[in-house]
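To start, the structure itself, in structure tokens.
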Amino acid sequence: MATLYHNVRAVLRGEAADHFSLGHYLREHLLARPWLLLWLLLLTYITVRVVMSQLADAPLTTLVVLLVWGVSVVATAAAELTRRHSPATLWLSHNLYNSLTNALLTLLLVLVLLGLGRGFFGWAVTRASFTTDPDAAKAQLAAHEEPGANWGAVGDNFRNLMVFRFPREEDWRLWTLLAWLAVLAAASGFVYGRAVFRRSPLRRGLTLLWLLTPVLSFVLLVGLGGEGSFLPRLNPDIAWGGLLLTLIIAVFGILASFPLGLVLALGRRSRVQGVPAWLVWAASLALLAWLLVTQSLPGLRAATTTGGRIVALWPLLLLPAALLITRAFRGNLVALLSTAYIEVIRGVPLITILFMSIIIFPFLLPPGMEILGTWRVMAAVALFSAAYLAENVRGGLQSIPRGQYEAADALGLSTFAKYRIIILPQALRAVIPAIVGQFIALDKDTTLVGIVALIELLGVANLISAQPDWLGVRREPYVFIALIYFTINMLMATYSRRLERQLGVGER
Amino acid sequence: MTDIAPDAGGRPPSIPFWRDSRVLGVLAQIAFFTLVVAGLVGLGRNVAGNMGRLGENQLLCRDGSSNFRCAFDFLRLDAQFEIAETVIAYDPSDSYGRALLAGALNTAKVGFFGIILATILGTATGIARLSSNWLIRTIARWYVDLIRNTPLLLQLFFLFFGVILLLPSIRQAAQPFGLPIFLSQRGINLPGVALMPSFTLWLALIGVGLLAAGVVWWLLGRRERRLGRDTRRSLWALLMLLLFAVPGWFVAAAAGAGNQGFVVAADAGIATPADVAARARAALGVDDLSAVEAAVAAGELTPEQVEAATVTLCTVEGAPAEANAAAWLRRAAVPYDVERAPGPNEAIRAYLDGDCRLLVLSRAALTAAAVPNSAIVPLPETPLRLDVPRIEGLNFVGGLKLSPNFAAILIGLVIYTGAFIAEIVRAGILSVPRGQSEAARALGLSEGQRLRLVVLPQALRVIIPPLTSQYLNLVKNSSLAIAVGYPDLWSTAYTTLNQSGRAIQVFLLVMGAYLSFSLVISFFLNWYNRRIALVER
Amino acid sequence: MTTKSTAETDEIIICRDVHKWYGDFEALRGVSLTVKRGEVIVIIGPSGSGKSTFIRTINRLEEHQQGEIIVDGITLSHDIRNIAEIRREVGMVFQQFNLFPHLTVLENIMLAPMNVRKWPRPKAEERARHWLARVGIPEQADKYPGQLSGGQQQRVAIARTLCMEPLILMFDEPTSALDPEMIKEVLDVMRDLATSGYTVLAVTHEMGFARTVADRVIFMDGGLIVEQNTPTEFFANPQNERTRQFLSQILSH
């Protein structure tokens, strides 16, 4: 477009005679790029079609948009020609009208967005009902040919969405926990950021309080004593739900997965002396022989088809497994088992693991022992999360230059001290953004526990549509909880990005 | 504790084993391994102890005995549950094994189309995020942020319950922009393409065209090298291809003119297909058949009259001749009805029984059948015919059909994964240093060459590894299909588990299947990654 | 306990026929070297000659697969106690400094004495400040490594090594990653140390340093010690053809 302006300017100054000819311009800039020309024609056609349909739908708005667009395009072009830009036209010429196609696209997108926005606004506001009285809501909505949103369903169920069946008389526990967290968070922002407090007891004390938080949370959320005591015990399967359950599972998942994730990451990276190949082969050949005799022989006898015979020879799989151990892992069983765990968990969907926690867990426990569904699901989420955390931590470990390990070794630090003082502090700091990202993923994945009969945020939203008062109201709660998720995760993501910048600039 | 003399002939000094790093490593590993195995054995014992709850028939063999070997024998039992849509033929009397296979193939179907579509959407969005147009940039950013920060399951529920199931009923199916796409509660119906017999000829001509285009490309390439300037060979090669493809279309159509035909009663007075339309016009008393619907609405014609003028076709299920005849009748706006028979003989019998006025079949079948008292009218054809979905009774017939469940899971996964791929593509493009583009421009490469030869190879190296994990995520996330009722692997496995009670076996199979999907995808992309890594050197 | 049969003698490092393979590639092909207490040795050679690998085998950053290494009477083997003892006595300064970026300069220096030698904090801090003053940057104690120049970082790294009070100091190309104007400040510190009684093993390209400070110059090539001599003899009258070639290339510009 710049060339066009340049040429038009030349015409205006009367230099056109030797410099500008329209035919030349067309040949050089449009016909020389047939694809561009085609695209321009298609775009023009679509734009005209959309303008027409929007003019029919909402003549006034569309006319205003067309007018504003036309005026701003002309103003920008004029500013470009005279080289006298105001800040507004300069921004426009860089961001919206920097080429012919972009100017058209801008108009097209504005119109489409307006059309969509009008539709959504009409649904969410103009034609919507906001009363929590179901009968009044029905009457209000019936007045419209196309009824809008029934927000009363969300308002009426606000408590359900937040905590579901948490006993009302115990609400103070939640408020206490919230206040505790708020105070600690505010204090942390003050203390941890300042170098003055680096070795002060204040900082240690705060760290201690943070470490106490899980215990306190457990005491408050689950309770201690029996019925009628100060802190009666609650049954999490019943008392926890809604946003409360979502947050409990996500936070627990990420924190509880830390120890295992760390061990797995270190295990996968470990370079310890491997088990000698002869030992691996001897052990696997012995096992193979035993399995062939006890399993394959009777299996072969029982099998009727070729497929059955092949399946009966499954112990032979030990041979490639032994090859894998000796070759790919150099006999390093720790790395082998860590890798196997990480890859298997990461290779299957969370939903299978959740169902496993519900269906298979009971069989793995000693007979007679029972564990609540909530605990089982939380354990499953933590075990699942550990595999992903391990990969994040591994990434952090890989980002530590070899020189750091060597310097620690050369100074004579023990392996434990090396990791505790040198490697892990740096590696974990480097992966905080990744861990925040994992928390966001986990927070979203928490919706899946609804499928195994725990009622978290999405579960409550689904229940609303089954309430007699709000039968079939689905979109409204969905939009509302989408907003909750979006706010939480967007805040975390923004925080993580800021952290990333700080880490990047700070110390390296 | 032996003393070592420094000159002891290079014999390594003996070290107590608890201080030898090699021995310690091995011992620690064996201890670790034993611990893990012991834990597994303990769990196994608990399972054995809980066997009563699992049911004694878990390990039932066909001869009635019970053995660990027979854990998977249940796969041969009858599944006895329905699967709403399958890629392979499936019937409730088939085995559990086949049911699981059908589920796995459904997952593969979602995965395959999902990966292709998500890649397209993600790439487009990723590029849009770098657009010079502020509006496009912003919209793309909002899309990515909104989708990435809300749960997939919520999106799926919204899409399925809040959008697809609230679409109009099948009779009022929505047609966006007047295109032949039908959106209804019963899913999405898209026009398909039916291959006519003459398609083979057209394909051959296109093949010749490709060859010619290749020759032109090569010749112009030599000319370019000789003259040292651009000759726009891609345009010429394309023109060459079109030169064969476009006339080839008509040549193939003309050659295929006699491939299909329909049989009418000899006394009906129909000699060409156009006579069918003429007769319909005469029967209804209108000049323009496309005005019939309006006339019925206005009350000028009764539905009974239209019914009487409707042309019935007898044809074989899925025969190309039906699509051809229907396309032709649709263009002429003749109201028609179709009677489908499983084979040509049944179709002929139906025609002889008077079920229909036209018998549409391939010419060869018609000639062989030699129906008495009738004439064969050849049907014109083109190599491809658009197969537009059409309401017959309570269903759409023809074209491509996406069930609401499949549409929900596919669209949901594509939108979700597309947002993640967009960020990967954007990061990949941004990862190529500005200096690379500047160097390419300084060397005089065109913009296309700059992208193709300099930017893309470097960006791809950054893009492929995270893209692989997004593909894997897409396949894993397809297990959420159970929430929208699409019978994927997990959904069929869950039904199998509940019916057969073989929890552990089913879980092992499902995990194995998902791991194999992951392996296949990783294998392909790793192979591709290695290839571009090699190109780079 | 291993006997300290050599401890009374002057020979603090004894290497006999040290071999090291990386897969099929033989990086060290039988290196033998004896270093006396207080001796300053400079190792030179083309890149890939195995000189860095060789000094890294002495504190077990690389494992040698054949031959014998005895440091201060302790045989280097798979015995983890011996490895720990040797590392305590051998200090090493790296080409890339390898300071710990998340710790302050002072913490970097105090780290090993407190965790390995188990010194109490006040003593460690006193010694750390002492060594920091000795390398000439006492005012940088509370900064982070990232805030220092390359030369300052390398001096902190030297102080960190010295604070462990090692018997032997090893320098692995300590000036190669530095800007020219910073090389001098590091070389000055090294010169100061070399003349104050430490046993020094330095891999470096600084021929001036080798000429003026070294007691012995060793030339390595292809994983072997090709030639060793006093600096005067070595530079004035190289015996081996490869040494002559290397020196002519280095000194010609």
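Read from first to last, the chains carry the letters A, B and C; within each, the first residue is number 1.
Going forward, a contact is a pair of C-beta atoms (placed from the backbone, for glycine too) under 8 Å apart; a residue touches a chain by one contact, two chains touch by 3 or more.
These numbers were taken from a predicted model, which means no experiment stands behind them.
Asker: Which word fits how the chains touch one another: line, ring, star, complete or other?
Answerer: Drawn as a graph, the chains make a fully connected set, so complete.
Asker: Which one of the chains is closest to the middle, using the mean of its C-alpha atoms?
Answerer: Per-chain C-alpha centroids compared to the overall one single out A.
Asker: At what distance in angstrom does the C-alpha mean of chain B lie from that of chain A?
Answerer: Distance between chain centres, rounded to whole Å: 27 Å.
Asker: For chain B and chain C, let me know how many angstrom lie between their CA-based centres, rounded off.
Answerer: 64
Asker: Indicate the whole-number Å distance between the mean C-alpha point of chain A and the mean C-alpha point of chain C.
Answerer: 49
Asker: Hey, what residues on chain B touch two or more of the other chains?
Answerer: 21-22, 24, in rising order.
Asker: Counting only residues that touch at least 2 other chains, which ones in chain A make the list?
Answerer: Counting only residues that touch two or more other chains, chain A contributes none.
Asker: Would you pull the chain C residues touching chain A in the complex into a rising list?
Answerer: 59-61, 84, 87-88, 90-92, 94, 96-102, 111-112, 115-116, 144, 146, 157, 160-161, 164
Asker: Mind pulling up the chain A residues that touch chain C in the complex?
Answerer: Chain A residues touching chain C: 401, 403-404, 406-407, 409-414, 417, 421-422, 425-426, 429, 506-508.
Asker: Quick check on the complex: what are the chain B residues that touch chain A?
Answerer: My answer: residues 21-22, 24-26, 28-30, 32-33, 36, 43, 46-47, 49-50, 53-54, 61, 63, 67-69, 72, 132-136, 139, 145-146, 148-154, 157-158, 161-162, 235, 472, 476-477, 479-480, 482-483, 490, 494, 497, 503-504, 507, 510-511, 514-515, 518.
Asker: Please name which positions on chain A make contact with chain B in the complex.
Answerer: Chain A reaches chain B through residues 34, 94-96, 98-99, 102, 105-106, 109-110, 113, 272-276, 279, 295, 298-299, 302, 311-312, 331-334, 337, 343-344, 347-352, 355-356, 359-360, 362-367, 440, 443-448, 450-451, 458, 461-462, 465, 474-475, 478-479, 481-482, 485-486, 489-490, 493.
Asker: Could you pull out which chain B residues touch chain C in their complex?
Answerer: Those residues of chain B that touch chain C are 1, 3-6, 10, 12-13, 15-16, 19-24.
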